[in-house]
Amino acid sequence: AKGSEGKKASAPPDETAPSQTEEETPPPAATAEAVVSEIVGTIDEDVDHFARPAYKFVYAHYDNNLLEQQMYDAFVDIAPVYNFELTRMSGDTDDETYVTNLQTLIDRGDVDGFIIETTNSVQNAVLSLLEESGIPYINLFTEYYDAEGRVITPTVGLPQYQSGYDSLKYLTDNYKEYWGDVDTNEIGLITIDFSVSPALNERIIGIEDAFKEAFPGNENIFYNDSFAAGQSAWFTLEGGYDPTAQTIGSHPEVKYWMVASCLENYSQGAARAADDLGRNDTMLITTVGHPMLEQEWDNGYDGAWKCAIAISNYAYATPTVLGLIALCDGRATAETLWPQFKGESDECAIWLADYAVVTKDTYRDYLNSMDEKYGPK
Amino acid sequence: MRKIIRTKMFALFLLLAAIVIIYTVLSDGAFVSPKNIRNILQSTTVVSLLTIGAGTLMIAGHIDLSLGGIGTMCAMLAAYLLRVGVPWYIALIAALAMGGICGAFNAILVNELRLQSFIATLATAAITQGFAPIISQGKQIDIYDPVFKFLGGGRFLNYVPYSLIISLLALLVYGIVLKNTKFGRGVYLIGGNPDAARLGGLRPKRISYALFINAGCLSALAGILLAGRLQTANTVGITNSQFAGITAAILGGISFGGGTGGMGGALIGILILNCFNNGMTVINVSPYWQTIASGALLLIALTVDFLSARRRLKT
Amino acid sequence: MERYLEFKGIKKAFPGVQALKEISFRAEGGRVLALLGENGAGKSTLLKILAGDLSADEGDIIISGKKQNFTSPFDAIKAGVSVIYQERQMIPAMSVMENIFAGALPKNKFGFIDKPRLKREAQEIISKFGLSIDPTTPVGRLSVAYQQMVEIMKAYRRGSDIIAFDEPTASLAEAEISILFKIIDELKREGKIIIYVSHRMAEIFQITDDIVVFKDGALVKTFVTAQTNEQELIRAMVGREIGDTYANLSRNTVYGDTLLEVKNLVTKKVKDVSFTLRKGEILGFAGLVGAGRTEVVRALFGVDKIISGEIFLEGKPIAFKSPTEAVAAGLALCPEDRKEQGLVLYRSIRDNVSIPVLSKICRFFFLDRRAEAELADNAVEKYSIKTPDTDKIVAELSGGNQQKVILGRWTSEKMTTRILILDEPTKGIDVGTKAEIYQRVCDFAKQGIGVIFISSELPEVIGVSDRIYVMREGRITGCVDRADATEEKILSLAMSDTAVTDGGEAK
Amino acid sequence: MSFKKLLRSSNTALLIITVAVILLFYSFNQSFLSLENIRNIMNSMSFVGVLAVGMTMLLICGEVDLSSGAIACFGGVVVALLINAGIPWVIALILTILFGAACGLINALLINKLGFMNFIATLGLMSVFQGFVTVITQNKNIQIPTQSFWVLGSTTLFNVIPLPFIIMLVLMIAYSIILSNTGFGRSVYMCGGNRRAARLSGINPKRVSSILYINNGALAALAGAVLAARMHTASPMTGGSGALDAITAAVLGGVSFLGGAGKMSGCFIGILLLNVFNAGLTAVGFPPYWQIVARGSLLVLALCFDFVGTLARRRALERE
């Protein structure tokens, strides 16, 4: 329960707000700009990674989805640059499996550092295992909090709430460009959540807030929870298609639709619903996450799915690894890592990854710039 | 001795031994380190309890797909009660009782309305799975109660998990009850032919009620032990372990038709599954190949079974 | 060319049993050959091999000069062999016509099932058998007897050259038996090869031409029916003489007080039945199959719901809500349908025998294995059940031996029975054991136990019972004392004009 | 069908519930029955519907295939790979169906040649197929940019009835005819009703069962391909619960889990009910977690209704 408030509090200040108009080339994210090379655990610092033997890291992820694969790929890509070896471990989306596997790896005794990617449900057990073992670790995506809501693990993550907020904000700012000057009372919002994941849920809260802010008093918000829709909807395209199509079909009073989801698969499903219903002119779809949309655009897609929050995987991977190496080297402790990102009352810092809303016209440039900045060189 | 060699259990035991030896060699002994053995044993606790519940019902000719849902909901209930300040023993009893009630609900559907247990328990599964997030508002509920933590994560002599002792004890007790008591015999008989058992003076309905309720309580216990170990109850809980429980039971010789198998075989089935999975982590198999390998394991287990059955026919 | 069927050196072993040891004999077309032998002698096993269901370990089957190697029942059917099994083999949820034509449903030119033709042809066969069954009823809804007739019609329909019957009359009544015999006669005249297995001596002499006797899996002797007699056959089968079964029984002569009184019992199938049973008395129940005798005892035993009527056990009114209560009150019901209601087929003999006395062989909470084994050993010995040990799964026993297991269960020494109800107890049991069973029943009576003895074999009811109630269509139509009982008298009470053709559909 | 016959049909109770559910949601939201929404519901049932056709056949025969969702997923991936490799989509589709049949054949061989228990064998293969999907795709969705292929998923008849639904319906009707009007169909029932008796009647139960597994694999792959066409994408996430959903729908529709009984029409109503109910919950904005409870309760309710219906039917039969 403490997760949500904590995370909202940790949402970055305005300076991280990404580019919102198409013309502007995405600015170098402020988060990275603040970094100076004296600070340990960042890209530019002057460390010889080959003066030591290669570290053995384990990427221990809870789910086993597309995102995890992409992160793994990104880690593997930068492994030769920063001189580490990487193996992975999956919890198969099960608390017990995750904890048991983690313990098994710890007991094996040859791991130098962990990249921990979990839900909050295993936080307590994972923390006590890691504390006992003394092995350095960095959390990816999901930060841990103590009972007072203070961040207690060094984390590389996405400002979940803000990214959701920004994804929809792009639509509310730009809808006239697609629809013209329509009656805002005829606009509705469909959200597709996976509510039991606090991180994903945050995004939806941000999305809804952005809508309410843009259209005060508009009550056409239709919330769908793909968790509640049953297993066939979990992370599948149908999980986005069906609620979108059926909500639209059941609410003819709403003429213009914005669809925003916490996961790319759902928005891709929603995009198909827009195609099938012939509503590419009256729908605008967005999402947090971009790779599938990138593929669609590459293949010439030009439908209602207009934009997405793009985050380069390297923008996660590189800080994660550098931070972990700093911990392993003993150049920083969990508490002293990335002091510039540390909230006032928090024990540890959250490195918030660069992201931006991209459209068909901007995605190439943005991703190239991110690769330039964080990718293997 | 010859008789033992020809049993299915022995064949599965050989498979288990093979798994252990192969992993030990591949991992340079890390697989059989005391710590790792403890890990393997610890990982069997939840599955064991579910296997007992599911297995006894299968022997009696039913199937229960709601165990995961029941356990998850009951653990959530316990965590909720603890959070609102209820003493641990009341939370524990309430959760177990809720498990029993859910089991009784299944029993009513199956015995009074004569529904197929497959679909009836599937319905119960959906209902209970829905209640878990309703109780917690979709979040997890952390558990700070020392007794719960102790039950789930405490270790005797800092080595043997208490939860393991609980589940092994349960396996032992149920094994003995099944093989050596009137009730246990009744379970087999109603699984084999309920009409004949009834005409023989047994009470199939009563036994089936007892089994469903028992399975509900055991899965509540499993849910609580896991929640205690993780110090949190969440909406997924033990849902994923449910199929493992059924699989272990079938591997161990309990068949869907009812009437056969026992807890000894089920224990070996559980150990095979858990050793195999743990070993893959020890020797670093990629997650995708793990999926393939665990499917292949089931097929290998069936092959072993097939070979032993064939040999039995020949002699 | 002449039709014949020859077995050459057939061997078959099951784990622990050599079921067939070098069986060789020949059956000629146009003759009926009887296979005789004690329970477990290997008769059914041989027929299963003939049916392509089991494969022999060694040996050949030769049909009219052609060596056959069946690997499945399909092959056997194609080669013109039909075997009617001892245990009914039907698909309960499917209609009579589909069961009769199973595996060869008539097709129209589009390859679809020709339903009108199916119905017509099924109806033709049913009429030929003189039965009144609606071809579209699910077989499961027929009485056991009619189910058996459907089995026979199925084999008849195939027009096979070789037809083997494995105890076809065990669950048939007189009327159906005479129909069956007419059909067999006709088949014989068409020159077909008929093999007939039965434990009823009278039938053997009535319809067979040759006799082959098995003992312990070996062929001991062959006879020509016309040139032998019952005693000679029994000696070949059992290895000893058995005198006049019924006359030699040592019977109880003194009866005690009224043990059971049933007044105006009404259930779904039973209409206003009243009778009394005294201590030490054997009460026979006769009637055609479907007369409702089973239903009377099921109601007594707390299985079926009683609509109205009173039952007194030693003067006290009783109404059992479940068999558990009945067993606790000292009733024992040995049910008619051994597969459905009697046995837990995939459990051992031991497990099956101990069912009603489980609480009596418990020490503290635990079952006393030794006592249980003893119980089973006694049953095996008492009824000469043919099995290597009592661990054997009941499904692997021969039909007759399965029946003996049920008898063993309900007559074990741990039972404290006051009323013993036997529903068709000797179904499928060989002559030697039958005599022993009759004597046992009489011994029970001597101990003061009241026995209800239901049987469709008239000589048996008459020979064993002290008094005989006759039922027809759910009512008791008369009560005959042993001294006055004749087959004609009982038959006339049991039959009404409609009874023969009607009542095919039970439940 | 006469009224009396209808009353006695085993699907009547389920049909009544379905109609009641539709009316209930309609009374809350009239747009629930808009043409657009009817089309949506049809779309939503088509994937599991096709899976359920093959599954119903298997269940009636006393078999079960837990791997069909995984085969469907695999089918989607295969068709995507083939099309993206430049193979014309019709040929790719045929190859995919053959591929699914091959997966089914593996099931058939394990179960009927080696005598493996169907539940565990198909559970094992489910993991194997799913694992291969992830290895091949590296867990990434595969886009299918070939627009001509999309026709398979998004064509609509009269602008209302989607092609995937028509495919499902045609299959259901075809298999329904096979079940009730062909020798093979009847032998499916016979094998499920009493396998031994069927064998003794000259039917080869292993052959029947093998054919059904192969058929199920082919249908599952088809379902996966059609879904991929609808989504323009093959996703490794597809179909995880497909087999269980198909079994649920079929069993709800009166198909016995133990074999020997059931009808395709029941299976259709089962799927219809489940999907109409889901769509209705979305249409009225039912509170999320209570949706799960509601779905479970609906199952219980439908089954109770069915029970009452069975009792009434039995009584009517007795009265005759």
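Residue numbering begins at 1 within each chain, and the chains themselves are lettered A, B, C and D in the order written.
One rule holds for everything that comes next: contacts are C-beta pairs under 8 Å (C-beta built on N, C-alpha and C of every residue); 3 or more make two chains touch, one makes a residue touch a chain.
Bear in mind the structure is a predicted one, so any value in this text is a computation, not a measurement.
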Compared with subunit C, which chain's mean CA position is the farthest off? A
Pair joined by the larger number of C-beta contacts - B-D, A-B: B-D
Euclidean distance of C-alpha centroids - subunit B vs subunit D, Å: 29
Centroid spacing, where centroids are CA-atom means, of subunit A and subunit D in whole angstrom: 35
Using mean C-alpha positions as chain centres, tell me how far subunit A is from subunit C in Å, no decimals. 74
Counting only residues that touch at least two other chains, what does the list for subunit B look like? 130, 133, 138, 287-288, 290
Multi-partner residues of subunit D (at least 2 other chains): 134, 139, 288-289, 291-292, 295
On the basis of the stated criterion, which chains touch which? Give every pair. A-B, A-D, B-C, B-D, C-D
Please output the residues of subunit D touching subunit B within their complex, sorted ascending. 110, 114-117, 119-121, 123-132, 134-135, 139, 247-248, 251-252, 256-258, 288-297, 299-300, 303-304, 307
In their complex, what parts of subunit B are in touch with subunit C? 180-182, 185-186, 188-189, 192-193, 195-203, 259-260, 312-313, 315
As the complex stands, subunit B meets subunit A at residues 27, 30, 33, 35-36, 39, 42-43, 46, 130, 133, 137-142, 153, 226, 229-232, 234-238, 240-241, 277-278, 281-282, 284, 286-288, 290
Can you list the residues on subunit A that touch subunit D in the complex? 64-66, 68-70, 73, 195, 222-225, 227-232, 234-238, 241-243, 245-252, 265, 268-269, 272-273, 275-277, 291-292, 295-296, 299-300
Which residues of subunit D touch subunit A once you look at their complex with the stated criterion? 29, 31-32, 34, 36-41, 43-44, 47-48, 134, 138-141, 143, 145, 154, 156, 162, 227, 230-233, 235-238, 240-242, 244-245, 278-279, 282-285, 288-289, 291-292, 295
